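Given below, in the form of structure tokens, are the structures.
Both complexes below contain chain A, partnered by chain B and then by chain C.
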Partner chain A sequence: MVGYAMRRILGLVAVWFIAVLLTFIAVQFVPGDPILALLSDRSGDPVLEARLRAEYGLDRALWVQFLDYLGNIANGTFGLSFRFAGTPVIDVIAGGLTISPVLALVSIAIAVPLGVSLGVFVAIRQNTWADTLVILILVAGISVPNFAMAAFLVYLFSIKLGLVPVAGWGGADQLILPVTILVIPPTAYIARLTRTYMLEVLQQDYIRTARAKGVRERLVIYRHALRNTLVPLLTTIGIIFGGLLSGTFVVETIFNIPGLGRMAIESIFARDYPVTMSIVLLFTVFYSLINLIIDLLYAALDPRIRLDAGES
Partner chain B sequence: MTARGQTNLLTVEGVSVSFDGLHGPVQVLDDINFTIGSGEIVGIVGESGSGKSVTSLAVMGLLGAQGKIDSGRIVLDGADLTALTHKEMRGVRGRDVAMIFQEPSTSLNPVLPVGFQIAEVLTEHFDTSAAEARKKAIALMDRVGIPAAGSRADDYPHQLSGGMKQRIMIAMALACRSKLLIADEPTTALDVTIQAQILSLISDLRNDYGMAVLLITHDMGVIAEMADRVIVMYAGQVVEQSPADSLFQHPLHPYTRLLLRSIPSARSKQAVLPMIEGTTPPPTDLPGGCRFHPRCPIAADLCRDGTPSLQTVGSNHAARCKRLDEDYSLLDAGLGVAL
Partner chain C sequence: MAGESASGPERPQSEFIIRFRRNRNAMIGSIIVALVVAAALLAPWIVPYDVEKVNMLTVWEPPGEDFWFGADALGRDVFSRVIVGARVSLLVAVSVLAITLTVGTILGMCAAYFGGWVDTVIMRTVDIIFAFPELIFAILIAAMLGPGKLTVIIALSIVWWPGIARLTRSLVLSLKSELFVEAAIASGTPVHRIMRRHFLPNIIAPLIVRASIGVGFIIMAEATLSFLGIGVQEPEPTWGGMIRDGLSQLRTDPHLALYASLALGITMVGFNLLGDGLRDILDPRVRDR
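== the complex of A and B ==
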């Protein structure tokens, strides 16, 4: 297991390098000159322009700029921000560094147990009115885009009912709406998948065996069926997590939360490429680490999956 | 009329079962009657769709949400199982009646260790601690011939061979010393040498513990080797019932006679194995009269109208055929068999 994890992390380093390379190349194709934008009304001052270009290393050959960027990642500064002239990127994003990952992790920590419980609840009531009703709500939860849901929930709970703040960050009450909006789509998705997988597992021969042994129905569901349901579900949780991360971009912007997602949007509008690149890179690292953890969890859930090659 | 025991352990009395179909209920078992004495091995034979598996599931109370016992009683050791609540029936399953299935590979839960799956039978039915149940599970694995049972108890099903997995299933069935074992095609998925081992294990257990066995198979060879008494089923009905030796010596029903003809024999000179033309009719489209008449080589006009009843011939041999009283040799000429 440890050997497998080490090999996977080496593989991830390669993935991260490609991510750095791709974002670096992408930025080269973006129209507009950041230095001219930085100069704004003082453009036409060739001395200042040349000094800034030298400071940001933009006067050097492209491959040298790339090596500089790698060096800046290695020393942890991630280069200098364009928008906040002379400030290292890390200082710009430091405040939001943990907010988006924590939002995403909290949301998935709520969505998985909630979605799985809902899925099991409807699976064992297949084709009853409860099943139909819950499925209907779940489809709505998947279909309504998060910005529309946000507008509706803010209008209802903040403006009309005055129960929770409209936006902001810092208080526990300010977490309720953004987390709710992040949690609803993955919960609905996980619940639908759990229902499907559970119904399939309940048809299996080993479930009939468990019943033939006289195992209590509760244990047939939770001991014999659920774990077999979680194995295929795990794959999709990695993908769902990606959706959740991009969801933080929208939710942080709507609720004015100073996380990486909102910073990414702001830096894109401000042509602050070093910040944008760094946030993209951080999200890549975070997403790939989550998927590594999911792959390791597979082996814990399904004894047929062997992570260390060699034995058979 | 039991061969071994004195008392009837299981009495299936006039049981009819139907399943919900697209166009209303479909009857799949029609008035099934048979008994099993304690320690007796009773075989049920028939093609796919004859109702033999449904019969066993009805005894287990495992017909599912779609299946229903419309009439009849299933009495096990004096208790009518059809009158029990779901909860009471759960207490019977695995403790008083145990069941093993055709596919040992898919019948064991892939994510639970095999020792645990055996121990679970004990913890579910008795006030047994997990440690105690595990010890007993290892002893049971040892009893059914699994080498190094102590270390194999922590293995998962995929680490065992098909034959070993069926032994695990048998160990589960043995855990509560059930009075009745239902074995639904227990050897069909196994290769021939393993088949013989599993069958001899089942008959050892019968001899050692007096466990009665309801053996469901489509293999007349298995029946010949194992069964004390045989029930032949066709299209949801019992068509013949008799002690095994009597069935093999004097099969009465044309269907049984054709089934016996299709057993391959080492001495036989036939190049092509004889078969029975046609297929079992689906329960939604049963022919009128005798249900076998469209496939029966000797069907006469009288077979087309009126369902034949199960008639007893001699002391303990019964068959559902209208031409039972006619001359055997003439019928055999029509069937193309010499028995």
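== the complex of A and C ==
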């Protein structure tokens, strides 16, 4: 187990290094000269231009710039913003640093229990009208993109019924719609997977044995069947988490939430690439950490995984 | 091509059609998809208005006899733009599928067949792309290349081929130990011939399932990028872009956001139902239960 964990952590470091390299290359590729953009109306001032170039380290060799970039990530400033001259990226994004991860974590904390309960509910009612109805709703929940869903929900609940605010950030009531929209797709996804896995598990011999020896149906469902459903479900949490992180880009844009997702998009338009790339980097690190935790949990729960990984 | 397969009996086609007709998801999904595809193909002949023609006299015209779905901020007909939006979505989806299926299948087969460093290089690249959340990787590429239709196609192709490659590799790995493949290798059949005649016909069904589920993802991703403003650009109509423009006007003129959302939502449901249905029909593990 320790060996497996070490291998996975080493792999993680490699992924982070590549992410750093990719974001560095991406900034080199973007069109336009950031210093000329910063100078804008004072573009005829060669002294100021030279000073800014030196301040941003852009007058140095590419490999020195890369080392600078690594150093800036290590000291937590993430370099300087192109939009706000001389301001470290970390100061630009500090306000949003907790918002997007918290939105994603809160959503998954709601979606997992809700999705699993819904999945069990329909699995033990297979082929009834309740099953069919819920499946239809689940298909819609998975299929309809969150911003299309937002159009309907905002129109109905904010504009027609006036129950919740249209947008904004700060109050608890302003959280209801964004979190609902983030929660619906993963809930529907988890519920459908739970139903499929449950139906598979309920056909196993040990379930028949449990029923035959007179175990109460509740115990059969929750102790024997559900437990074996949860392990394969665990592996999908990583995918769901990636979807949620992407979802924050959209939801923050719709509801004017000052999180990292909206900042990343705004800084693309403002050509503030250091900010965009730092956010991409942070999301990647966060995402890979969650996946590492899930893999380790999975390996701890299911010994076959670490044996397989050891062979390949 | 399938007739040349050396893998023993092929499933007769009529059986596929019978299963397809019996599968409610596949039937409903295929009807929706057929309607969307028909709208996309016939768009130039069925749209009542020029989708890019600005008319300041009809700005935010509500839905009515002249404009079934109303008009947008520049007085353009929303119904026409929704129909042509299907064309844009499907064009992106078909392009990305064509690229990723070709690249992913070839690289996946090479990784499995040659093994060694070829396998290592291809599969480590796949792992790296998988380490990023899909949409965030696409946003990174969009930021690099600048917004536009070509950017969307490139970005989504880069994030989507690894899935195809990984699936192909695992399918081919299990085929490689089959007797008919060993016989072909032993008799000196050239590599490209083994791939075309022995591997491809036997992995086509799971690839079709994967592709049909993927269309939904690609349409959703294109719409999301366009919604965020880094995808397909004005004046070309896209559902994502229309929803973004419509959301800011939701209070006074909700028709733009609602009709575009409806079109996108129904299309997504259609493709997902069809994908699920095809999986049930073609995946023997699910089917035989």
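We adopt the following convention: the second predicted complex is superposed on the first by the 289 of 312 C-alpha atoms of A that agree within 3 Å, B and C clash if a C-alpha of one lies under 4 Å from a C-alpha of the other, contacts with A are read in each partner's own complex, and residues count from 1 in each chain.
Criterion: a contact is a pair of C-beta atoms (placed from the backbone, for glycine too) under 8 Å apart; a residue touches a chain by one contact, two chains touch by 3 or more.
Treat the numbers as computed from the prediction; the structure is a model and nothing was measured.
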| item | value |
| --- | --- |
| Fit or clash - chain C, chain B, common chain A | fit |
| First, second, both or neither for A:297, with chain B first and chain C second | neither |
| Chain B versus chain C as contact partner of A:215, first or second or both or neither | first |
| Most chain A residues touched (candidates chain B, chain C) | C |
| First (chain B), second (chain C), both or neither touched by A:224 | first |
| Chain B versus chain C as contact partner of A:206, first or second or both or neither | first |
| Which superposed partner A:70 touches (first chain B, second chain C, both, neither) | neither |
| Nearest-approach distance, in Å, of chain C Cα atoms to those of chain B in the combined model | 13 |
| Chain B and chain C footprints on chain A, overlapping residues | none |
| Residues of chain B touching chain A in the complex | 60, 62, 90-95, 98-99, 101, 103, 106-112, 120-121, 124-125, 156, 158, 169, 172 |
| Partner chain C, residues of chain A touching it in the complex | 11, 15, 18-19, 22-23, 26, 29-31, 139-140, 142-145, 147-152, 154-155, 159, 166, 200, 203, 242-243, 245-246, 249-250, 253-254, 264-265, 268-269, 273, 276-277, 280, 283-284, 287-288, 291 |
| Footprint of chain B on chain A - complex, ascending | 204-206, 208-217, 219, 223-224, 227-228, 231, 301-304 |
| Touching residues (chain side chain C, partner chain A) in the complex | 127-128, 131-136, 139-146, 216, 220, 223-224, 227-230, 239-240, 243-244, 246-247, 250-251, 254, 257-258, 260-262, 264-265, 268-269, 271-273, 276, 289 |
